[in-house]
Amino acid sequence: MSDKPKLAMYWSASCGGCEISVLNIHEHILTVDEVFDVAFFPCIADFKVHHVESYPDGYIDVCLWNGAVRNSEGEHMAHLLRQKSKFMVAYGSCAYEGCIPALSNLTSKEATFNTVYFDNPSIDNPNKVLPTESVQVTEGELTLPTFWNTVKSLDQVIDVDYYLPGCPPEPPQIWAVLQVIVGALLEGKPLPPKGSLVGHSGVAVCEECPLEKSEKTITKFFRPYEIVPEPGVCLLEQGIVCNGPATVGGCGALCPQVGMGCRGCYGPLPGVEDQGGKMLSAIASVIGAGEAGMDEHEIERQIEAVVDTIVDPAGTFYRFSMAHSLLERAKVNGKGE
Amino acid sequence: MKKYALFPGCSLEKMAASYYRSSVETTKKFGVELQELEDWNCCGATTYSYIDELLANTLVARNLALAEKEGLDFVAPCSACYKNAYFTNKYIKEDPDLWEHINYALEQDDLQFHGSIEVYHIIDIFAKEIGPEEIKAKVTNPLNGLKVAPYYGCQIVRPRKNGEEFENPQFFEEIIDAMGAEPVDFAERLRCCGASLIMTNRQAALEMVRVLLNNALNSGADVIATACPLCQVNLECYQTAVNEEFGTDFKMPVLYFTQIMGLALGLPRKQLGIGSELVSAAPIFSQVMVKEGK
Amino acid sequence: MSENFEPVIVGFLCNWCSYRAADLAGTARLKYAPNMRPIRVMCSGRVDPQFVLKALRNGADGVMIAGCHPGECHYVSGNIKALRRFVLLKKMLRQLGVEEERVQLVWASASEGIILAEKVDKMTAEVRALGPLNWNKTVLGGNGHPVVKAEPVAEEV
Amino acid sequence: MNEEKVGVYVCHCGTNIAKVVDVVDVATWAGEQPNVEVAREYKFMCSSLGQELIEQDIKEKGLTRVVVASCSPHMHEKTFRGACERAGLNPFLFEMANIREHDSWITDDKVAATQKAKSLTNAAIARVVHHQPLEPIPVEINPNTLIVGGGIAGITAALELADAGNHVYLVEREPSIGGHMAQLDKTFPTLDCSACILTPKMVDVGQHANITLLTWSEVEELDGYLGNFTATVRKKARYVNEEVCTGCGICIEKCPAKVLDEVFEVGMGTRKVIYRPFPQAVPKYPVIDKENCIYFLRGKCKACELFCPTEPNSIDFTQKDEILKLQVGNIILATGYDLFDVKRIPQYGYGRLKNVFTSLEFERMVNASGPTDGKIVLRDGKTPPASVAIVHCVGSRDENYHKYCSKICCMYSLKFAHLVHERIPDAEVYNCYIDMRTPGKGYEEFYHRLLEEGTNFIRGKVAEITDAPRIPAEEGKLVVQVEDTLIGRQRRVPVDMVILSPAMEAKPDSKEVSQLFKMGCDFDGFFTERHPKLDPVATMTEGIYIAGACQGPKDVPESVVQGAAAAARVAGLINRGTVMMEPVRANIDQDKCSGCRICNNMCPYNAIVFHEDRHVSEVITALCQGCGTCVAACPSGIITGAHFTNDQVFSEIEGILWDVRPEKVLA
Amino acid sequence: MSAKPTFSHEISNLMYKSHGNPTKSCIQCGTCAGTCPVAEYMDQTPRRLIGMINANLKEEVLASNTYWFCASCYHCTVRCPSQIDIAGVMYAVKRYSIWNKSYSEDLVGPAFSEAFVKIIARSGRSYEPILAPTYMFSMEPKEFVQEAFNATKMMLKGRIPVLPTRIKHIKNFQEMIRRIIPIGGES
């Protein structure tokens, strides 16, 4: 191989959209190809783990890790790639904060398996077969990785240098970040401090969102299918839960612009510890119920009536950030595990 | 048809059989069925509490649990039984330890108290569940001109503390009014008749009866309506004793309000148990034209 | 559950009412459970749900938010905002498996030292009955991660 | 890690803390905590020696932060901030841990108390390193004052301020000032005539150049803060032009419509539809009661207009309510009280037994200008009673109604007894009381006078009043049934007249009023003072004061004292011109505000404005009171609540949970 | 705290919390005694009895007839401004005296109560003819004649049962009672 900087990208617990997003940076992909040597990128080239194992420590310059860590294999690969890479980038929401896979932190491994292997209407599993971690066959022992109860973000397993939010990250942001890295690698330009969240606007999505905003008083919430939003008006004001206010921008407010409330994939604003908690606070604050002067119980009853229309608060406010939230997971059956 | 578990209590078995019958007959007219609680036990009147409050509560809880088993709300025509049931129901729910203890005892009788039913006095059924409007609509024989003294006594209003109800209740008056009769201004209507003292302090009890009879008479009543067998016996059966003691000459009929209601509904006297009085109620029949049904 | 488990409850007390109610309870030498550790905020409306989550995450067995009665807020209606947030937070905490008794909102005006003391006693007993929460150990199995505070990079697009 | 040097001082408070908390242990332990430069314990930190200890350490050890673990910050925060300031440290770099009120005083468990003391101290240490130096905010005081309620308390306050040269707006709901005192006949204990002492003061108010009197008016809205309030006042239409009316009263004479006067005469007398509540009313202009006016009801009459002698005519049926905006710096509330509705105690028979009266009815009855020209008579209007029972504590000292003692009723009940003796010398008077409460200058002496006058005092709370006789002597009488507890017998006292002395209670709208003025009222509805002993006229809201019976049961002398005291407090502020306010304020980082507008309707003081052009929100510092509601709401986390920042509170949480927190989060 | 509880504490302890405030909160206002329809016949008015309890005058309280003469009308209870359940206190003292067998000899109340309880423990229901003799022996001859006269009249009108009724699973019922207290077992 040449002495060009080495690039790796690994796909852990995730949908793979992040891989595609890298390829989706249009003509810039040519620059990437020009600048880097690919050292490991199972999605586009046939590398095996033993290739990586054979590299000296720190051989890979930049490793883009996509996906949450959900089982023992992910953990192993994370440690391995950390050892072999100079810069470890948590690429995309799954790696950064757990994303959709981490929603299973709201329940237990058993319940997840139940859904996946038994209860799902498309499943036909009369013998109730579950994957077994170790099976003896004539050829010897076959193993599967251990499936964890809790989904973790990458930084809960290894040390991470940079975070790039988004599900997936948006091309201009990816390109901007790559430029910074390339500048550093090739021209010795300064890098942002270790642990930085990169590739976002630093201000909430609402700033990029062109919809008209006014003071908010919400008396009923709607699920997306229950309402046709009035064009041009802030969705939240119409009772459509939009996480835009609590989500760092950089995406260009793509969702709200097409009538779909921001789901929150870019994660919280820098300085905010818990995206769900903050969004919850914001939404609850503008509930239009319970005016001063009413009877205490009446106030509570009215508020409850409005809150009832938010069907799944945990899933709504932590859709992308469950693993990285303050509580990280739910307590199930009186305990965590 | 709305159904209730009727708790007759010891006195309704015989001493106040007329109250039992008239209650069943009159409620029936309004589509209400009173079904006697199967295998009930004495609720202890007030006497149990003298000895052991926990036991008293347990006895009552057994009856409540029986009614719960049937899925029926509990109705007692006797004010003392009602008071016991009402408060036991309340106390147990307020006190988890008591609840646990009582259920531990009830286990022996294959019963459990869940606290899922309401407790009513029979007069609540008329005053609140049926209501004066409906009574008025069903009255076929309005008791025009009959002056009735509504005697509340103690325990249907006390020791509950809901607003003015315990010092200035009106529901009895409203029922009498609905029957077409005239409720008189009976100032002493909330005063205790002394029933529980008749055995233990006769002198006091008789004076208490005198005060009530005197006030009823002064207020121009033709008859006293009661809603409790103990009050009825006390006010009626001891009139002779009062007359002897105080040199008075009371001949005040004392009927259960259900009996008077029965008359207004046109039920035959017999069905209402009229005739077993010790002070004849005959004068009131001659006074109001009573059209009896069959 | 250890025999003599004593819960740790973090209390967020409004400066104007419940903090003063706690002062009053002390001045009146009322004896109540020492388990609630108060943090003063200017208004129950200042209580960010993150505070509650943070306290639970950091080992509290319960969190009490205390403010003035509705209609008596020193800042007019901060407590109503607190109530709105609390109702929604409670719903979410239910999903997260946190028992209802562990996070409570109570009203105690400056003169209600007795009420505050009673509420603390009651809540302490309730949480004691539930046992320890110790989120990091029991729920996360000791694998809790340090919370990362990220700094944004200057935007270049 | 932070470079700050923290000094920690653990106070014994004599034995108040040290008896329960092992203060030495706490101090030693604190000394080992990160950032702590020095930790000491001392007997009395608030003493001058204690404060010097802090000052010395700041100077000698270069402390940059100070923590005192002692009593409530409401007690001594100011003291210790002062010590820091004197030593050249910004006072906001100080934090207090309350290990007395919240710890040593609430438990006897020494181990738990010491542990809690460590938690609270550690929380303060963790927090204080994140503190930032802050500067108090100066606020200018508008010299005008608004006084709400024109009873004796409000009148006194208005005159005090106005005489000192300050402008006052006095807003009164009724057509005349005077309040309850104007309804009274004589006032205890000296028995001077109420009108004689009140009228001159009312006239002063009416004529004072510095007082704008707004009767028949109510405050509808209040904005702003100490020094700069804006009150919106509705001046209801009087239908009489105050500019031209001379108050001659001819219209009143000629008006053909009479109605029951339920306000001033409490239903004992009548008044015309165009009326003055009472002859000495201030202002003198009458007012038309629109609800009952024949012209307004049927479009005909106008007798008042016809006979009005002024030119132009003073009657103006087209008058509309006026809305005024008043700019004031301070507000005094003197909205007074109401009497308990005696019908809530049915066994006393009011409303059913016609010769049962309330105290205020009796006051009107004995008043020479009242409906019976001062004659004490039964409801029939002619028969003087031969016996009168006066029932104390009606609705007071009773957990079923009001637990408190109304304080004034014993005294006025004695006054009534005296008035009956005076007007009907042969009458028997019975005062049924639980305890005779007559503390006050000359009050007990008054009681003794009544004992000598031959009043029958029965110590016992009346059980019931009935008209049902049990013996012939009771026939045709009201029977008061009561235990005479001093002899231990139940008594039935037959009388002709009963006077009930009802509890003094808060105005029915006191809750709304307290909300309108953004201050507190207690469970009973009386306005809450800042401190029950040391600050009884201030409220928790800066710039709002209270005086008179709206704060709690009170007689005239006490109402006057409070009115004057409130005025003095306000005058002090006006004199200072500017006051310094706590810099606990919110601030929006406008570079990071997304303009989502979540915070826009959070602020009760409308301190948050949205800039449409730049799409960002901003806090107007002068309006912000620092509640932090918007801080908690902002989903971007970019509103900073000074002195209560997220960093500070998060660190405090971590610190307070020092003994249970997961090690990793410690960092 | 091993100090012996005072009499007033003992009485308070005999009442469930739902029964209002402890006697200690009495302000001696006399509403109870002013209300009580039996006050005239009591040797101490209800207020004084409460006062005596608070003063721990145990002997005097137990010797009083007040609590036996209380008709349980609850009128005092609903009126008490300190929300003391006076009628409940009367019951508590009754219980105390029965357990300690310390009521005065000439009272009918205790004997009547015990007789009543025994019958119920035996049959689950009460039965007036058996009950009558247990209390009548204590009456004046004139009263006895009247009582017998009344009873006969009622019997004639069919208002007194000839035989006692009893409940079905009396064994279970008695077991149930034993779980609460051991009384009733021996009869």
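Each chain carries a letter (A, B, C, D and E) given by its place in the written order, and its residues are counted from 1.
One rule holds in what follows: a contact is a pair of C-beta atoms (placed from the backbone, for glycine too) under 8 Å apart; a residue touches a chain by one contact, two chains touch by 3 or more.
Predicted model, so just to flag it, every value in this text is computed and none were measured.
Using CA-based centroids throughout, the chain positioned farthest away from chain D is A.
Across A-C and A-D, the chain pair carrying more C-beta contacts is A-C.
Distance between chain centres (mean CA atoms), chain C to chain E: 49 Å.
Chain B and chain E have centres, each the mean of its CA atoms, that are 22 Å apart. The mean-CA centres of chain A and chain E are about 73 angstrom from one another, to the nearest whole unit.
Counting partners per residue, chain C has 48-50, 54, 57, 71, 76-77, 81, 85, 135, 144-145, 147 as the residues that reach two or more other chains.
Listed for chain D are residues 347, 400, 511, 515, 602, 629, 632-633, 646, 650, each touching two or more other chains.
For chain B, the set of residues touching two or more other chains reads 161, 167, 211. By the contact rule set out at the top, the touching chain pairs are A-C, A-D, B-D, B-E, C-D, D-E. On chain E, the positions that touch chain D within their shared complex are 21, 27-36, 39-40, 44-45, 47-48, 79, 81-83.
By the touch rule above, chain B contacts chain E in their complex via residues 10, 13-17, 39-42, 44-55, 58-59, 62, 90-91, 94-95, 98, 101, 104-110, 154-155, 158-161, 166-167, 190-192, 194-197, 199-204, 207-208, 211, 237-238, 240-241, 244, 276-278.
For chain D in complex with chain A, the residues that touch the partner chain are 511-512, 515, 591-598, 600-602, 610, 615, 629, 632-638, 646, 650. Partner chain E is touched in their complex by these residues of chain D: 347, 393, 397-400, 434-435, 459-464, 481-485, 488-490. Those residues of chain D whose C-beta lies close enough to touch chain B in the complex are 344-347, 400, 466-470.
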